[in-house]
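Structures follow.
There are two complexes below, and they share subunit A, which is joined by subunit B in the first and by subunit C in the second.
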Partner chain A sequence: MAVEIIEPGLAASIQDRGRPGYYSVGIPPSGAADLRAAVTANLLVGNPPDAAVIEAPYMGPALMFDAPAVVAVTGATMPTLLNGAPAPQWESFPVAAGDQLTFGFLRAGARIYIAVAGGFDVPVVLGSRSTYALGGFGGFGGRNLRKGDVIPVGRANGGPGRAVPEELRPAYRREIELRVVLGLYDYRLTEAGRNCLLESEWTLTPVADRTGFRYSGPVLEWEERIQPFGAGSDPSNIVDAGYPIGSIQVPGGVEPIILHRDAVSGGGYAMVATVISADLNRVAQCSPGTRTRFVPVTLDEALRARADDQARAARLREALEATR
Partner chain B sequence: MSEHVVQSPLPGIFYTKPSPDQPPFVEVGSVVTADTTVGLVEVMKQFAEVKAGVNGTVTEIHAENESIIGPGDGILTVEKG
Partner chain C sequence: MRRSGESRYSWGGDEHLVVQFAEAMSLEVNFTAMAVSKILNDDRLPGIVDICPANASLLIRFDPDVAAPAAVEARVRAAEEQVAGAPARSVETRIFEVPVWYDDPFTNETGSRFRDRHQRPEGNDLEFAAVENDMDSVQAFIDAHSGSPWITSMVGFVAGLPFMFQMVPQERQLELPKYLRPRTDTPALTIGHGGCFACIYSVRGAGGYQMFGVTPVPIFDPEQRLADFNDFMVFFRPGDIVKFRSIDNAEYDAIRAEVEAGAYRYRQRPVTFDLDRLLADPDGYNAELLGALYGS
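Up next is the complex of A and B:
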């Protein structure tokens, strides 16, 4: 079977759990920006967690199914309509041949995930079906989805009626705290600059995509120094270094950018902190205007948060398998 | 006669004109068709056109140029006909 894109939405793309292992040669991990929501959508329709789904930021696409299928929509809160009638989110439901799935205006969060039982069957490139649109490969034709695309779906064995228990569904807020580990280059900020980073409220700008999330707020102050050979002349410049996913750079001291799953792998801006892995999915569900604070944690605390997050994921998996 | 409020489909920054030195897409009194572009919403470095959605006359403009807008916010009112 296949799914036709009647309307593409805005920068919707095919994503799976990503393409780890090539960042050192400049290829980012890609994959669903909110991995938890994508994996959940797959589990709801009986797919393996690494099946490919559609990620649609800010605006839903319109899809048509050419055969009966089982579908689930997770992630951002967005009215989901099957042939114009309300359909659930966080719950698998059946569709018939010729049915159309459309969406209303975004209510909370930023990105929806649409899984179809069987998974979107696009070619595997470097171990993943994820689209890396900047690089022009992966996903459907190496690009975001367009009107008229017909995406094949693999063979399925999922059923409808599987739902995420209410208490395990995320709540999205317009005010958020993101946990960060300071470094590696926070020493380049003055003490006032570091305090300003951690004590200010930052507002997410509309520059918020798979590559990075840019925030407006005050100007950070840097320590003066004679720039080392190989570094640019701005005090926020360093000799080129690798950029971790989640790292925060502040070009020119204005508008911090959190790098996300389609980030460039390195460059010459000082990374003053890194958002912990347990909070990256939450970054992906922030829409422009979200008021944000960066809360410093230690590496041990970050690792505990990761373990807690993985335990929550395991509880969710068990809850879904129990309803099978 | 009935009124239609054109809503923003997206969160982002709203623009009343195609570029800073050009006139606005529409003004109060402009006659529009369903396919007329009435503004732009910028998000993720992309500019999405907002269409009027109905045929009629613009009676009121609610959203200011370069203001932050949310999905479902009213942009302008069109009197249908």
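Up next is the complex of A and C:
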């Protein structure tokens, strides 16, 4: 079977759990920006967790099915409509041949995930079906989805009727705290600059995509120095270095950028902190205007947060298996 | 985190370790980054996902569910100590040629569209480069750029993009600031320059480096059409030595046609790169490397 893109939405793309292992040549891990929501959508339709789904930021696409299928929509809160009638989120439901899935306006969060039983069957490139649009490969034709695309779906064995219990569904807010580990080149900031980073409220700008999330707020102050050879003249410049996924860079001391799963792998701007792995999915569900604070944690705290997050994922998986 | 010798170790969240070997760029420090990476690659600790050598630093991405951060750090420190104790001063690599149409219409047209973001509104980026580096003509700058070879000190930013550092003494390094504000467009295969680094833009997109010309030769080929991409879609590897060669419009078109026909092969030769010999006699050693490339 296949799914036709009637309307593409905004920068919708095929993603799975990503393509680790090629960062040293500038190929980012990619994969669903909110991995948890993507995996949940797959589990709802009986797919393995790494099946390919559609990720759609801010605006839903319109899809048409050419055969009966089972579908689930997770992630951002967005009215989901099957042939114009309300359909559930966080719950798998059947569709018939010729049915159309459309969406209303975004209410909370930023990205929806659409899984179809069987998974979107696009070619595996370097071990993943994820789209890396900047590099022009992976996903469907190496690009975001367009009107008229017909995406094949693999063989399915899942059924409808699985639902995520209410208490295990995420709540998206317009005010968020992100936990960060300070370090990297943070010694380049003055003490006032470091305090300013941690004590200010930052507002997500519209420059927020799979590559990075840019925030507006005050100007950070850097230590004065004679720049090292090769670094460039601005005090926020460094000799080009590798950028961790989730790292926060502050070009020119203004508008911090959190790099996300399609990160540029390196460059010449000082990074001053890194969002912990447990909070990257939460970053993905922030829409422009979200008021954000960076809360410093230690590495050990980051690891505990990771373990807690994995425990929540395990509870969700068990709950879904119980509803089979 | 503790500092070991000159190096600075720091965590990038719970999945990354960054080692800054030095703050300034030099061939020696880049050599250290590559040597430590090689040791880590040859005997890979399970759970280390990516080993990314950079110009003067090293980024490790790891899965903390498989490898504890302390174990990753211990492994990297051991590799650094191994390099410090028995410095590998030579490396097996390759040298190849990248033909460049300098002062081409594609980058000039793009540059003219973004003049409001440039330090010098009049002229083009090459003219700016010549002035900034105290050269009396654009041709003199092109001669310096294409005369001595460059070493690939880092691959990244976007897929397959090489950063290159010219194998000449620091006083002969070509240095330029980046654009005041990044462009939103750069032609694919543009030869760029920022700080002391050359780059080749592997794909069309945003960029802040000065633009000098274009190469007709692909460096990133997801479809793997050319024989040089049989093994992998990315051509450049850290440690690759690159010689730019100035070509004209006619040769650019001829090479493009060869690329389109799927017949183009890079001119390349394996070489042993010896850091001490380069530092002792840069021009003599570079001439020897070029001899290996051109078979003289």
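Quick notes on this structure:
Basically, the second predicted complex is superposed on the first by the 324 of 324 C-alpha atoms of A that agree within 3 Å, B and C clash if a C-alpha of one lies under 4 Å from a C-alpha of the other, contacts with A are read in each partner's own complex, and residues count from 1 in each chain.
The rule is simple: a contact is a pair of C-beta atoms (placed from the backbone, for glycine too) under 8 Å apart; a residue touches a chain by one contact, two chains touch by 3 or more.
Being a predicted model, the structure only gives us computed values, none of them experimental.
In the superposition on chain A, contact of A:208 is made with subunit B only, not with subunit C.
Once the two complexes are laid over each other on the shared chain, residue contacts for A:198 go to neither subunit B nor subunit C.
Subunit A has more of its residues touched by C than by the other of subunit B and subunit C. In the superposition on chain A, contact is made by A:125 with subunit C only, not with subunit B. Of the two partner chains placed around the shared chain by superposition, subunit B is the only one that A:289 touches, whereas subunit C remains out of contact. Contact with neither subunit B nor subunit C is seen for A:6 once the two complexes are overlaid on the shared chain. Overlap of the subunit B and subunit C interfaces on subunit A: none, as no residue is touched by both. Put simply, subunit A touches subunit C in their complex at residues 20-27, 125-126, 132, 134-137, 142, 180-181, 183-185, 228-233, 237-247, 264-268, 271, 274-278, 299, 302-303, 306, 310. Partner subunit A is touched in their complex by these residues of subunit C: 1, 10-16, 18, 20, 22-26, 49-59, 61, 64-65, 69, 154-161, 163, 165, 170, 177-178, 194-197, 202-203, 205, 220, 222, 233-234, 236-238.
The part of subunit B that touches subunit A in the complex is made up of residues 7, 9-13, 42-46, 48, 68, 70-72. Across the complex, subunit A meets subunit B through its residues 10-11, 57-59, 105-107, 110, 206-209, 287-289.
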